[in-house]
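Quick notes on the structure that follows.
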């Protein structure tokens, strides 16, 4: 599966091939790429409607769900950009800048892969699971959690590719609770974890893995302006008091590098800064 | 036909029923209006895509081509707003604020109407011609000019409703030249003119009418922000050195009120102001 | 206490949403749309001592998520306003803030004295910051001392609440606001437009006859928000926010930053009911959360 | 003479398109896209005497047709730049403008002296106007006298062309530009960002950890254009325009207004080849019309 040689980054204008509305706020967008995308699992692309004009201004970072001649992304509608993506019609042109960032590192031979997914974080993990299975690797275990059954997009893909455990906070599917409630039982010395989802989930997963000395790879999510290393808008605090840049040094990194207690990954604090002004 | 009682202005969100591309840069957009629009010929509407977001910001003034339950407009693609209109698909929602402005005044009984159209200025004149014909009035004469045959959208509507004379600068349709080259022959004491088109054309039409003492009604075109009288962005110079506001005192006005030599209707001068700065 | 009500100096507003000067005419064009008395208030088009015809066309042009205007303060003059417009507004129960401007302190005082003779004016808003006329006061607006003087002069001749509208082009806007507070202003309004320019490159000419125009609309909002935050932290009188408000979300952004009320400007052009929509949206927001507008003010600080 | 070439002080640029500081890294991330040597030049991320880690997240957020950034001048420091980045750029024939900033005149001088020892630096651009760090120089940038002093000090220690980058927040930006011209600047760069703010109303918190951030992108363009017009009318050294340039049309707008060159900033984010597209577009524009870029400069004035 994935090698360390990363494909050349390209900015291409691709027509939307199809948009599948898969329930709730989720859609899968598939593009037509005559040249084919050589993205590896864990890499992402900066996506923008070619006809958006001056606003929304910035492209949106989206993990590849699949690559090749029909690259696809899974989106959750949360703001103006994803709203537009969620109502795009086939034929609509989008610019995609990619593949970007560090992919998932190659699974360690001899260790069984445990995927821990939350919400749209499932996309790069489905891509990874498919790559592992296609390469003939051992079927990964997956834990997939959300608030309710509606918040588990692509659960059927994961069910097909992995030994799947689901959790929902309201108990509407799988075990009631969170992924981290059942993760402990699935960790072991012959396992390794790949996780993508909300920060708080990933921080907790990283903590559990660290306690059990299980390797843990996370995919970081931060706002990004450029996605390719020039704006310095995507810092993630590291333990040495410095930052790593999620777009070029991530998004996939060893969980131990991240200082989950600092910065945006810590509880939101912006509003509670001391009140002195100007 | 049209009476002086103007319909209440409404801001409505209407779905695009169909867009007909009628060659060149021209499209006819027809909307679905369950309540029906009571617009009169010469009135306009401020049109904006309901999903445009923050840019383009302002609605675009467009003359009604038809009213009723399927109000329509003729657009020429010239910038970002009309570009978007020109690629809108059925179902796309638009906001329309209208009907706005002063319609054409009622034709004077006993006078034969001469319509002088240039480019998209044809829309409010087709509407007027249809109203006259439907009211059983005498068939209007029309002169319709453009650079070439491609620049005469809706010429067939006009041909059906009026005794049509066309002019093109390249001679590709009708007489070679401009509308004002043949207008003189069609003026007379029993005639009256309604004109809409580029400023320079209307200024010349107004001049010819004034010389022959033929009543002339023009439809003014200026940039507009609000379209309903509050921004004061649409002044047109009048002979008393003051301004009339095109959106509420126009767009249809007696040509004699306008001072064609001042302001935007005069040759562009903005760039040639004296150089003193700040 | 009502859920939406706020106080600005001595003045109670039924809700914190007003319309911005120059973007709402004299409030009389809205009969077809809604009852303007439902708003917290309206600010009139800027009134001068004598009527003004305004600048030649073009007066407006669009820019990314914003627009430029160089209306040149066309207005009917304070006399015609008092005679023709105010009686109708008063009759309808509209809370009317008279936005006024002049090129001398004497004229500011004269306009105020004319307004003193009327009932139905809720406050005067001093436009010391219009960018579009050479004598329009932006020089007042950029200078703390002069701004304070204008405020003091108007303050001394009227019992009406006095609001002063800030120019974002002042080098030290906080100092200007403080000077106005000291001079007796009841509230600070922020912000007026910033001067911008646009060139039609095909025709190689400036888009506005006046060359520059005031920049407004959503694009301006982040700058306005920063300035409102700064001023609200520096003065103890209420701050009324303006700049790119078109949705309830936008209004909340300013309220949370410390504004006591907001004014809706450019948004009226695309939607004449914009301000009414914001009132309704704030009401729904507060009802859902069972909070008052007052409790929201400054809560992000 | 080439069709696209321009001169800025003694420096000849092959075309009038540069990339703006902070929006292009150190010019080394573009191998996959195009040859950066095809540009008129690049301005480096702001360099300080010592490396800086920058501000905590969130550092960026989007606004209507614009964005805010509070990077906090994260950079590798002038030493590492000279050691690790400059040799590669020099090797490739890239025209490199070193954007530098400091909180004291002594540090501005020290950075410049370090750069003096290198070949391959085409000019220094003094960032006296970064809004995102308290010691970052915006106070220099708002004050004509101080700005002149910084310029004079740097001028006196280097033979490199000195460009000074204006803060749009100066109350009297023309006076600042003139002071820099008098102090020996070879060019004025305008503009840096204006401070803005954004609040997430759902979470009731500021979007940026630094509270305020610099406002950039298309939304800023009308303000930048007005300022460039004003400065170009007031100084006789070249003006290099920045602010929302993303298309050929935008670049032309500034050239016609009197700028000798433009810098492309935020537009690089959505399209890494944005600056190259503008070069190609200007070439096509000039070839079609058989004109030179020089002949366009200031032609709308």
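A, B, C and D label the chains in the order they appear, each numbered from 1.
Here is the rule we go by: a residue touches a chain if its C-beta (ideal position, glycine included) is under 8 Å from a C-beta of that chain, and two chains touch if they have at least 3 such contacts.
Given the structure is predicted, the values throughout are model-derived calculations rather than measurements.
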{"item": "Reference chain D; chain at largest CA-centroid distance", "value": "B"}
{"item": "Chain pair with more C-beta contacts, B-C versus A-C", "value": "B-C"}
{"item": "Chain A and chain B: spacing of chain centres that average the CA atoms, whole Å", "value": "53"}
{"item": "Length of the line joining the C-alpha centres of chain B and chain C, rounded to whole Å", "value": "34"}
{"item": "Separation of mean Cα positions, chain C and chain A [Å, integer]", "value": "45"}
{"item": "Residue numbers of chain A (touch at least two other chains)", "value": "54-56, 271"}
{"item": "Where chain C touches two or more other chains, by residue", "value": "64-66, 204-206, 211, 217-219, 229, 299-300"}
{"item": "Topology of the chain contact graph, where touching chains are joined (line, ring, star, complete, other)", "value": "complete"}
{"item": "Residue ranges of chain D in contact with chain A within the complex", "value": "22-25, 29, 32-33, 45, 53-54, 56-62, 64-67, 69, 71, 74, 203-209, 211, 217-219, 266, 268-273"}
{"item": "Residue numbers on chain B that touch chain D, as the complex places them", "value": "54-55, 271, 275, 277-278"}
{"item": "Residues of chain B that touch chain A when the two form their complex", "value": "51, 53-56, 80, 84, 87, 89"}
{"item": "Parts of chain C lying in touch with chain D, wherever the complex brings them together", "value": "63-66, 68, 142, 169-172, 194-199, 201, 204-206, 211-212, 215, 217-223, 225-226, 229, 244, 249, 252-253, 256-257, 299-300"}
{"item": "Complex interface listing, chain C residues touching chain A", "value": "64-65, 174, 229-230, 233-234, 299-301"}
